[in-house]
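The structure under discussion is supplied below as structure tokens; questions concerning it will follow.
Read from first to last, the chains carry the letters A, B, C and D; within each, the first residue is number 1.
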């Protein structure tokens, strides 16, 4: 499986009771598939994997596999602290039909780069599905080194990388080293504000959280990229980057609560989600924050 | 439950197959109880909670409750990423007989101090057992603020704090603020190298990983502290601090693998553990590292 | 002065005695001017400002002004800890003929964002020359916020920004906010490996340390950008990014010693510098490191 | 010179015009000498070295040497970015009569531990006065390793260490390693809130910023320590730690502005300083902050 294109990290809708909102989930996934996205990534950071019990994780994975129904591959995050726990998460996801598994470096316990590499190798041996490395130092506090990633690609351990490291210099080095090694890895950027630059660097695709809100924009941008129309790639990006202001207008809440909170609120305003309910201990956005998000959607023409 | 005294974080022995070594576990716990420790903390960072599946966590909790048999309270770490997952870990530990539950700030997902406080409140509502906050910024990347901790103590949310923050200035402020509030919190230090200073600051006890290796030393130190014999408290600390060199003589492995790896190796050399097996992806110590640890044990008179 | 184009941070050559090597300096500057660069930035981080006494700083500034002789503007780094010291550095540079002054956020002493903003305002009042903000959190440990920078641009405090923050998401937000405000700031990227992405984001130019080694490449890339030929911009970048391997092949030395050490060594191999001497306490590169750098230069066709 | 005892980092008073307030300076120094302090450390972080031009630094050094008049040794901070600049600062301080020079690891430019060690060796060769290492990672972003410090002590490069690292575990290791090497280093703690613990660890003295406000307390504590009266050492510390609340009651200003701002304000309230003027870009404390500081002074009996 060589993944290319737009693969949104699917946001997990909740009912006001805190239960999984399957109807809104299906509506959102179908809207993205109709827009032409090339894959789905569930149980990523934006999919609130950290806030979800194992039962919830399974529920969402099952739903994604059902609604995708083979139309596009479903990647599932198997995010946990260290190897033994990640293996269990990965095997459960595989058993539920995941087309690929996404894992981070180990976290909480402290070790060195050899342990990071061994972690990926041990997990890969325990599952048959293709394995993607998720580079997210802001949560995991380890930066994955390009040399290691390409080595794991050459050895058949990794099928690709989702780079959310915020380090475009390292990403460029990864692209060049991967190309020199015969391109074993599919390289996807997780930064929706600079997808155009990642494409110019040689990315194989994008995993944009904002793709939940405006999947058509990211698909159009991908098609412009495939056509070599850089002016269109850039113009679409400038528009999408302004739309990303839905996350920066939020006041009084930061991090996940502002980012995914804004995505959920926008999706509710757009009629895709029933509620913008957030999981404990994160407050749901209300009042002036909702209004500020609505204003950004209006300014960019997504809302009347 | 107002916990006072020496409460070692119990190291989890493994067989060379990676399975839990119940015999070595019982031997180690009984040796510590015979030495006079005042509590046991299982499934802490030193107890390799991050490397343990839920099944393994339950196995160790059950074993601790059985072997302690009510002689001292058993605290159990319910360590996971965010609130919903922590609640599940905490409830399982409580159902297995834990006398108290130990949890960290949420991690992986990003939020602010309000979410940290709400996290503790939500977990406390979900369990009956007393709740301890575990301040471990090196793993969790959040420092717990003294003001918040004391507020949660006054409100009956927290029964105590295990401070492994490495911030003795903050710990002193915590002690003073707790005293001003009527001492709702039991305050334990996790730094075995400076327990004497923590006692001088007003700590109620210690959670020393090195207490697995030399429980008698920490119990003698506690008794000297209770007797006001500061010269003895200090002299015992100097000896214990030198013994802690078992962790710093390790070469080529860092973090958990060096620290807990040294504890396991020392316990094997002392005949308490059958093996110094480490969990994936951490290498077990061998060769020159084992010899260097043995030399420290000999220099401090623990080994012939 | 609205600066646009390629503005290399000029490396400071030393004689083996540690004295400033004026001949090599002139050779390097003239080579860059002949290649068509649009400005010179002396006494930046790559110009070893931190390692240079005030006398040395003045010597280099004077030399730059002399050899540039008005052909392009000369920007001078006035890098020091806090406001009063920076004002002195800035005034001396201005007196020596600097066309613009480049300063960072204050460092060493700790304060908040209001103090950072006031710092820029106080320095701007003390000099007549245009002021550029240098965003370099890896050295300064403060990230300059886009909103503040644009506000300082609108207020006439800042003429531009050299962004070496490694944060392409923030840079994109800065570009968009600057454009919305009427483009008061000239925005230059300091990351030579992803200049193409910065141009796509809307950068006004680049400050590439590698521009000392291959100024023609960066000028060609700029011209392709002006012509809208993105394929050429990208192809040139891929070549330059590979050339940047001169810094990553260095073993046993890290940071400034590897980066600027590699630039100096390459310039010596190319016959531009007489010596690759580094300032105390940094070791000069020798032996296998020199050979590895030569191999990269050969692979990219810069050396026979 | 083997320094022992209480060596306050002398705060630098300013007139409302920003000029050095020599009268207040002399009053403060004489008050501390009358209280029995054992040394003075001028141009440290609390002495606003980062905010002081070279002319100001010299002015303060000269004043300290004059007013001390040989009664106690005067240590002078020679704080600058890298070796060549530090050598100049150190030589100037020495020429003005400093009894010892205090320097940090190099900062702003990035290097490894070998460069840190070489930095200390090169500076030591350039001055005759005893050299003290200042471990201040919060400003310098490098932690000095105990092994290196003791090695530099044995080699006669360093006479001592002022430890403001906030890492009491590392400090304990430093004390033990220094003792094993024959105690070449004088080891002073910079954390006024836990001086008792540092004495228990084996510190040779303290460099408490709060010693400007209450020198008598720190001298009494030192004498109790020399007499082995740990109950008195601890009781004095609890009192001093509460007095340190003058820095934590400050709202709206953080870091240097809160800490040294509170010291200056307290000294003004006590009639020692004429003004609590802060250097640019730091705001001076006013209104409610001054009142809150006065309340702490009253609560601890220093103000009526």
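Everything that follows uses one rule, which is that a residue touches a chain if its C-beta (ideal position, glycine included) is under 8 Å from a C-beta of that chain, and two chains touch if they have at least 3 such contacts.
What you are looking at is a predicted structure, and each value in this text was computed from that prediction instead of being measured.
Chain geometry summary: the mean Cα position of chain A and that of chain C are 35 Å apart. Centre to centre, using the average C-alpha position, chain A and chain D are separated by 49 Å.
The touch graph of the protein chains shown is a ring with every node of degree two.
By the definition given earlier, chain contacts exist for A-B, A-C, B-D, C-D. By the touch rule above, chain D contacts chain C in their complex via residues 45, 48, 50-54, 56, 79-85, 88, 106-112, 114-116, 118-119, 122, 138-141, 253-257, 279-283. Chain C contributes residues 166-169, 172-173, 176, 191, 193-194, 196-198, 200-202, 228, 230-231, 233-234, 237-238, 241-242, 248 to its touches with chain A in the complex.
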